[in-house]
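Some structures to go through are shown next.
Note that chain A is present in both complexes that follow, paired respectively with chain B and with chain C.
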Partner chain A sequence: MALIPLKLKHLLPTLILALLTVQPTFAAKETSDKGDLKTEIREYIMHHLLDSHDFNILSYTDDAGAVHHVGMPLPVILWDEGIKIFSSSKFHHGETVAQVGANYYALDHGKIYKTDAGGTINYDENHHATNLAPLDFSMTKGVVTILFTALLMFFLFKGLAKSYKTNGQVAKGVGRFFEPIVLYVRDEIAIPNIGEKHYKKYMSFLLTLFFFIWFLNLLGLTPLGINVTGNIAVTFALAILTFIITNVTGKKDYWKHIFWMPGVPTVMKLALAPIELLGVFIKPFSLMIRLYANISAGHIVLMSLIALMFIFNNWLGSSLSFVLAFAISIIEILVALLQAYIFTVLSALYFGFAVEEHDHEDH
Partner chain B sequence: MEIPVMVGAGLVVIGVGIGIGNIGRGAMEAIGRQPDAYGKIQTAMLIAAALVEGIGFAALFAVS
Partner chain C sequence: MEKLLGEFSFGLFFWQSLIFIGLILLLKKFAWKPILDAVNEREDSIKEALQSAKEARKEMEALQSDNQRILKEARAERESLLKEARKTSSEMINSAKEEAKAESQKILNQAQEAIQNEKRAAISDLKAQVASISMEIAEKVVRQELEDKDKQLKLVEQLLKDVSLK
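Moving on, here comes the complex of A and B:
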């Protein structure tokens, strides 16, 4: 590997780009109460990790004490004996109760519940709300981000594919950056794990998975405050897809290896069957947990370090926290790519198990 | 957080640290023996490390 000379003109834009990944923080409130600040920080971090019904970029408190929010409300779509669509601005960031026809809805920790005009929410012992919750099909922040990423990927790769036709087998434009990555997924991830014969039918899923997770992870690091892959529902959906594809395209050898492992004494065959069956469920489950925990833990650590700047509130402590937060956000960029790669590699591995055919002479 | 939860989480992190450290040691030794296989060894090391980390996260998830 040749040594890349470090030029200052290359360093500056990289530095600026990396600085943009550090999340902008909430309003710096002059508060002498440490406990108050800590609860506010905890609530802010929780609010970022959860999905929300409006696109709130930042909010600040002006001198008069009024809170200003910079953002965009998103449509709320509920099914409560009839479809109800309204803008989430009716909630006023969770402060008021939305009245739609004869029904009243209130927001509590990001979820919508049906209440009365006063907005009372009944809690049980574990602080879970026991009000009736209508089916929520809203376009939340996460949904909008997923749709945006899907459109981005669609146009990006369609353009790349079309450029081959018009430019004679040579990619042109931004797609040029993605061509080696696509080839890498095919040559280093799909073919070694799945084999030359069957890899083609899994390629579209593996490519989609890789770029989808990578783009969503990167978007989660931007100051927009969207956390999609740190949402267990999203990673659950991705893992379920891997699970379904593995088991639907599983060949006879695959099922034989689970229930009646060839080549071992019969007693062990019976002992291995439940373990292997458990493995069929645990493998996608671990995919889900790995991506979810990595990304949300990264977000929590990053936000806590930024919050540390406000807790210290002096030059030395805050600047050290800033440097640490900056270093961690660089690592998070690496983790974004690495987690997408790991999810794809392990999915390819499981697909490889599903279509593996070996001659049973050595079994 | 109660003491058993903290002790449990600490043990999990120790386990993951030792595990990934061992993977790293194996990878370094292998690269030392055959420097041109660097790419393949790095790939295998990352996959193994992600698997160990996955167990660690699942355990932390269950403990908390």
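Moving on, here comes the complex of A and C:
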């Protein structure tokens, strides 16, 4: 129980800020009927889950009915017959068409499409935009957050590394907190799964992976409205690295176990080969989906519960929703760590398979 | 699945991969390697210190048992020395006693001999004196004979009686 007051101290401002972030947009439509509010909430949540071309902190509608956005625009980088760089403020939060040279671009559901001056976007029968989408290398909210996390990690762990030299082999300051975690990754994740002999070459990846996912998960719980590890492109990038490292460092035994399983009859060998081969792809795929689904689900649940307060709009329902949202927030803090741990442990396990050495022919 | 593909943004994938791989390489050089090296070094030094402490304790124990042994030996030696000394002293005393006895015997013998000699000397002296007294008596007797023959005889007789009594 001692943990709760501690977390409360950090969570309360978080929740209050979260409420402030969400409230104005919902409140704007308070006069319209409940159905509209629910649709708006759903759209708001879906919008939040996606990456965005500007770093929007909050939006509100003033008394005159004008919508105001608080945040900062980010650079848009497009490859459309040559590189095009412009500020995302040109889109005015998706409300206007951005003119760059002779080209016009418009935002639709977080994606940039090439349009005409009027911003026409054509849809097919499945409501997919058929406009040409240029290759988008924009510094989106996600990219900025990733960069921020990378810088934070770099300075944090560089500081920790330095403190050993200046403080006689003992970590100091915030490094005292992170050193046991680094050691945990080494002693409880890397060594048991990979083995004493090979674990060293995977340590940099596993440590970076663990802290990267953890920090981004935690950042996702701040009221900044960040959702990076709940983005499929990010989890795909992480999982494909695990996939590449596993298969590049895979030893003879690893491939032998996939294509010609030792110790079973030849018929079984033939039957097992495609299954094992499929497993090679399913393993990182499950990593990708697990992280994406857990974080996305957490965000959806948390935001829905916060939104419930405004749907109920009475003291009983709203306070119940608050208590629930509060409890889920605490659980999400655990999930943030747990998902980072699971991704790292499974990656280590797959690396372990890749470098495992057997002395057959007996199993 | 279609939704996932729709959400997939190649740009984000590109930046994420670039930044993440860059981060791995940078952290490897500037953080993970120095951190793990330092921690390993520290662990080794702790292990070493523990080992040396153990060795020191063992050495101390050996030293202590050594001390015990030396003490025991010293005690035994002292014991034997004492015993020897006691033996020597008693021997010395015995021999001294023996010598003293012999000496005293010798002195005693000498004294007896001296006494004997003195005695003999005294006797011979006495004899000489007796002889001289006899001579005197004889002289007196001779003188008395000159006056009264009977008396003189009587006297001689009496004197002789006396002499023989002595």
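Basically, the second predicted complex is superposed on the first by the 331 of 363 C-alpha atoms of A that agree within 3 Å, B and C clash if a C-alpha of one lies under 4 Å from a C-alpha of the other, contacts with A are read in each partner's own complex, and residues count from 1 in each chain.
Everything below uses one rule, namely that a contact is a pair of C-beta atoms (placed from the backbone, for glycine too) under 8 Å apart; a residue touches a chain by one contact, two chains touch by 3 or more.
Keep in mind that what you see is a predicted model, and the values were worked out from it rather than measured.
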Of chain B and chain C, the chain that contacts the larger number of chain A residues: C
Using the superposition on chain A described above, determine whether A:Phe205 touches chain B (first), chain C (second), both, or neither. second
Quick one: is A:Leu238 in contact with chain B, with chain C, with both, or with neither? Answer first, second, both or neither. second
Go through the superposed model and pick first if A:Val182 touches only chain B, second if only chain C, both, or neither. second
Would you check which partner chain A:Asn193 touches, where first means chain B only, second means chain C only, and both and neither mean what they say? neither
Quick one: classify A:Asn56 as touching chain B (first), chain C (second), both or neither. neither
Classify the contacts of A:Ser286 with the two partner chains as first (chain B alone), second (chain C alone), both, or neither. first
Chain A-facing residues of chain B, complex: 43, 46-47, 50-51, 53-55, 57-58, 60-61
Contact residues on chain A for chain B in the complex? 188, 286, 289-290, 293-294, 297, 338-339, 341-342, 345-346
State the interface residues of chain C toward chain A in the complex, per the touch definition above. 4, 6-17, 19-28, 30-36, 38-39, 41-42, 45
Within the complex, which stretch of chain A touches chain C? 50-51, 77, 110-111, 128, 135-140, 142-143, 146-147, 150, 153-154, 157-158, 160-162, 164-165, 169-170, 179, 182-183, 186, 203-205, 207-208, 212, 231-234, 236-238, 240-241, 292
